[in-house]
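Structures for review follow.
In the two complexes that follow, chain A is the common piece, with chain B as its partner first and chain C second.
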Partner chain A sequence: MLRQVGSRLLRLVPVLFLITLLTTAMVDLMPGSPALAMLGDQATPEQVARLNEQLGLDRPFHVRYWDWLTAALGGDLGTSLRMGLPVTTAIAQRFPVTLEIAVLSVVLALLVAVPLALVAGARADGRLDRTATALSSALLSLPGFAAAVLLIYLLAVRARLFPVGGWVPFTEDPIGNLRSAVLPALSLALMEAAVYFRLLRGDVIRTLQEKFVLSARARGLPPGYVLFRHVLRPSLFSLTTVAGLSMGRLLGGAVIVESLFALPGIGFLAIQSVPFQDVPAIQGIVVVVAVTYVLVNIAVDVGYSVIDPRIRAR
Partner chain B sequence: MSSVMQPAPPTGSAAETPPTASRAARRGAKLPLWVGIGWIAGLALVALLADVLPIAGYDEVVGAPMQGPQLTGEPLGTDAIGRSVLSRIVYGARASMAVGLTAAVLGLVVGGFLGLLAGYFRGVVEATIDILAEVVQAFPPLLFLIALAAALRPSLASLTLALAALIIPSFARMTKGSVVAQSSREFVLAARAMGASHWRIMFREILPNALMSIVAFSVVVMALLIVIEGSLSFLGFGMPMPYPSWGGMVAEAKDRIASHPSLTFIPAFFLFMTVYALNTVGDHLRRRFDVEQSQL
Partner chain C sequence: MSRSPRRGLRATAVAVATTLVLAACGGSGGASAGPVDAQPARGGTLTMAIGIPARSFDPAEDATISSAGDATRLAAVFDHLFISDPVTGEAVPHIGESIEPSEDGRVWTLKIRPGVTFSDGTPYDAEAVRFTYQHYVDVGFSPEARTIATWDMAVLDPLTLQITTPEPNMHLDKLIAQSLPFIVSPTAMRADPEGFSANPVGAGPYLLTEWVRDSHEIYTANPDYWQEGKPYLEQVRIDLVPEAGQRVNAIASGQADVQPPTADADLALFAEAEAMGLTVHRQDQNGGGWIYFNNQRPPFDDVRARRAIYLSIDRQQLAEIMQGSPDARAAAGLFEPDSPFHEPDLTLPAVDRARAQELFDELAAEGKPVDFVFVNISGNDVNTRAAQFIQSQLRDMRNVSMRIDNIDVTAARERVFLRRDYDMSPYPGAYRYPDPDPGLVNLLGSTGSFNTTGYANAEVDAALLAARSTTDVAERAASYRAVQERFLADLPGMFTFTPTLTTIMSDDVTGLRYTSRGLIRWDEIGFRPDA
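Entry: the complex of A and B
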């Protein structure tokens, strides 16, 4: 187990190296320059050149990358060109927003999907099952931004239950914070819930065919008890993995939802940084997101072997 | 990252249709499939014939702005600057289908080839391809697309290339899995014993057996690509203006959603139906070829 984690962490080194190199190269290839983006179209070429020199952008590609890399290895991700503050600070400010949305949407999705999948799976092909399955395929085909716009229309514009957008920090107003988080989280949760439902439903149907379920039923245990105490746990393995992975993905920032609702999270920061060619900020986000993603992946694998002893034995 | 980047969910499992499903229920389950096939065929036809159809140009002002759907005149109404919504939907279909199909085919060919190499040779080849795949997949996907498309200068071609690059690792992984499974079968061993070349074993023995499940996978991938293209256009990083894209139409209309909801919901509905149709057909193909493979 430890060896496996070690080798996965070791693989992170070339991956991070290539990712950051690729990011620098891609931003370099974009038309225009950060100085031009900062000064606007009216700037004279001399002004642009001077600012590029001040920012150290006139140095060759490999020198810039090397400087960034050595600083980053010491924990310094540089200063954002657009915001003028350290990239680590900028990311640290925005991470809690992304984290809150990610946790909230996974929790919402699980709350809906788990009971529904249990009940639907227990009566496979029943009316409830068919309705829920059809609904889940529909939700899986609804693009995230369309779901978000639909929810805004129904719950914010028509019903006026939630604000159309914006973010209220938790420290200012906990209730307002929750209200501003619900719609974004719900937009993401819709598709997550559909995925979780399908997965767990299939596993529940498979578990129900096991002999221990038959034996539990033969002992006269009530069906609901069998479902929750005998069937649920052994059916949860793949759901745990997938929910963990979606958490890893969501922690990278939900670009669309964050920009649509104007949430100050990682994804919105990323999308704002690209037109400015804010290399340090983009680079910092890419590193943080990639590391988070790989770490969550490893954690999911470790967690999996903790829940399922059969994997550990191998 | 965002919900649009959901990899095709594992819906093709055998548990999808429980063994207890009645015959009537199975026949009922065919209905979405036929709706899906019909929708894709109709849309493909309309997209191909867009230039010959009796509709306005996508960039042509045809009347007063924001007219609702009308029986005579514009059947789907006009947008904020008086362009025909129907025409923009039709040309948007062309863009979505072209980009989705081309990127899926590119991803299939390149990713399939890499996966074939990785699954057949294993060892260093596999490790290298795995690391490259991990690089692309650990990237925040939309950020990757936006940066890559910007680096290549925004155009339909660069958008398609960026989407293909994003999806290549998924094809490589999927193909690798299939190839590894096929490689251990008797006919491969037999071919090897007869002294067949690597090339021959890969392309004549393994590939034909793995191909159908990869093709089925690519239909679902096309749905995913259409969603991603829509999302990029929604964010304003997709199709170059003024070419219409369903995602872009939703984005343009969303600020007027309170007064003119249909402007938002018409393109959203077309996007949804297209993705639903592709998903349904792709899922059906995947299930079919999964079953055939497990029976071998």
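Entry: the complex of A and C
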């Protein structure tokens, strides 16, 4: 297992090199420049050239990339052109927001999907199964932002149970933090829960047809016990993969939801940085997202071996 | 956060009625706008929802002076040297006590109110004004930096600054009030030039006490503010809410109290806010939604092509589609009826598709078919709707074809404003000018900073210069009449809808006043005593 983790981490190095190079090249090829974003509509070519020089953007692409790469290897991801802040500081401020929303969404989705899928799978085609399957289809076809808009209207504007948007740090006010996190997390969790439900339900139905389940029943074990002790664990493979992938995706920043709820997370930082062509910030985000993705995938692999110890032995 | 919201029908009715009365009195001057029917109570935290994140608190780094962005925050920290009246564009004394031109309009004498200090205790004086303006030149961000670079500034005494301009300009005060209102503490700037943009020191009613980037800022009342008994609020919180609909939701739910006055073109959103029981205050201004024709290359270097486009399009329908509301009004001319420069007989061409077709045919017969590219700023719904509507209006006409290129705002800035590689393109918002100086001069003057059309007409330049060198309203009106006549003959660009500065707020808020750029008077705003 350790060798597997080590090899995954080693493979991360060329991945990071390629994606940062390509991202920088793509941003470089975009028309316009950060100078134009700062100077506005009345900028003259002289003003733009002067600011580009001040920002070091007049240097050739490969020189800028090399400078960034050598600094990044030393842990310095550069300074954001838009904010004038070190990129590591900007990301460190935002990552906890995205992490909290991502974890909360996945946990919420699992809390809803797992028990529902077990019960629905155990009574396939029953009333609960049909209702839950129909509901999950509806939720799957509902885009995340539409769910967010609906939740905002019902729970924030009408019922005033939660804030419309904004973020309260946990250290400042734990209750306020939870209140500001609920609607964004719920908006994301709805679709995730639908996906998790459908996957787990299918796997539960398949596992229930296995002989060891029949044998457990034949031994007279209670149905609930069979479901939780014998059916759930072998049915978790697909769900673990998908939950891992969605965790990786959400940690990369749920751009629309973060923007809609004005959450100062990684997705919001990305959406502010791209139009500004803030290359150091974009490069930093790409590095963090890539590393996160790989780490989450490693965690998923470790998760497999917990679910099925035979994998560890291989 | 803000006070508990009480949106009783009575309070709404009072606010709306007051708004209507004040709107009816528009033009009376005094740099006021908005419901100010009650003197604000003392205390409370007002929360503003704003769409653009704060970037820098160094005024010289704010190239746009947009009320939706940094300038609204700068107004809280730095206050205004002079107030630019939202209705007339006049410079109204504030920290600046007076600003007077010499007889020939070349030498201006600016006097500062005595006893005003920055929040670091240093004096707000003529040297501070000179230092700040020189700082604009050194930074080189703002279009005004180019103008200031031509000035000769001399501090005559601690409270008097003399500005000498290369050309006569009897309206320099309007430029200073509108575009150069924020003065920094030279001591603080010299002590930490790098850190000033995050730790600003001004003489405004509020001090920046917390700034969480891409999230919010908190401003606390300045205990040494120069106006006795002001500001009214204990704190101001500015929350970043990028989505326009979410800003309305935030106010409706009581999470925010106001959004800054903006020239946002989407009237449907304001109707939605009204339906939610919020107070919506409007102030019409001269100018309009503006679409550039590139006057320097075919096909729009030929006035017939520009005229044919005007004649092909029902601009009232265009305005309604752009603003998403039947309440939209097409711009009728260069000035609103309450302007002293309004000329009722000089109106923009009405739709005449038969005549437009004749012009298109005539140009095609000369080998000049009107095939053009409309460079659209993607992500801006108002402009996208304009592009699509214009394209649909031209679809069934002969010898004209239009292609839409959608590009993002930064790319558009490079292509349209810098390289001038476009045929037709919309200004991303509304171009507004309470007084034609400097707004109209920048738009139509051959060296104007906003003259992206490349329009150059000696007659217009001469008329603009003549109007600039007098304060006599009748003489100015005569000059601006000449400008309007020339504009209607040449049609260098297309005015679409009538621009309106609009503010959405809770009816707990009173004392809303702002400048011609929509910058809030933070010394005036507060909560109603009964809120």
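Operating definition for what follows: the second predicted complex is superposed on the first by the 303 of 314 C-alpha atoms of A that agree within 3 Å, B and C clash if a C-alpha of one lies under 4 Å from a C-alpha of the other, contacts with A are read in each partner's own complex, and residues count from 1 in each chain.
Here is the rule we go by: a contact is a pair of C-beta atoms (placed from the backbone, for glycine too) under 8 Å apart; a residue touches a chain by one contact, two chains touch by 3 or more.
Keep in mind the model is a prediction, meaning the values are calculated, not measured.
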Superposition on chain A - do chain B and chain C clash or fit: clash
Which of chain B and chain C A:P31 touches, first, second, both or neither: both
Greater residue coverage of chain A in the superposed arrangement, chain B or chain C: B
Which of chain B and chain C A:A90 touches, first, second, both or neither: second
Touching partner for A:L39 - first (chain B), second (chain C), both, neither: second
Touching partner for A:L142 - first (chain B), second (chain C), both, neither: first
Touched partner set for A:G267, first chain B, second chain C, both or neither: first
Touched partner set for A:I152, first chain B, second chain C, both or neither: both
Which of chain B and chain C A:S259 touches, first, second, both or neither: both
First, second, both or neither for A:R50, with chain B first and chain C second: second
Partner chain(s) touched by A:R249 [first = chain B, second = chain C, both, neither]: first
Shared chain A contacts, counted only where both chain B and chain C touch the same residue: 30-31, 149, 152-153, 157, 259
Contact footprint of chain A on chain B as seen in their complex: 1-6, 9-11, 13, 15-16, 18, 20-22, 25, 32, 131-132, 134-135, 138-140, 142-143, 146-148, 150-153, 223, 227, 230-231, 234-235, 247, 250-251, 254, 257-258, 261, 264-265, 268, 271-272, 275-276, 279-280, 283
Residues of chain C that touch chain A when the two form their complex: 53, 55-56, 61, 63-64, 140-141, 143, 146, 197-198, 212-216, 239-243, 245-246, 249-250, 252-255, 276, 407-415, 417-418, 427-428, 442, 449-450, 452
Residues of chain A that touch chain C when the two form their complex: 30-33, 36-45, 47-48, 50-51, 82-85, 90, 93-94, 149, 152-153, 156-157, 160, 163-167, 259-262, 264, 268-269, 272, 275-277
Chain A - residues contacting chain B, complex: 11, 14-15, 18-19, 22-23, 25-31, 124-125, 130, 134, 137-138, 140-147, 149-150, 152-153, 157, 187-188, 190-192, 194-195, 198-199, 201-203, 205-206, 246, 249-250, 252-257, 259, 267, 270-271, 274, 282, 285-286, 289-290, 293-294
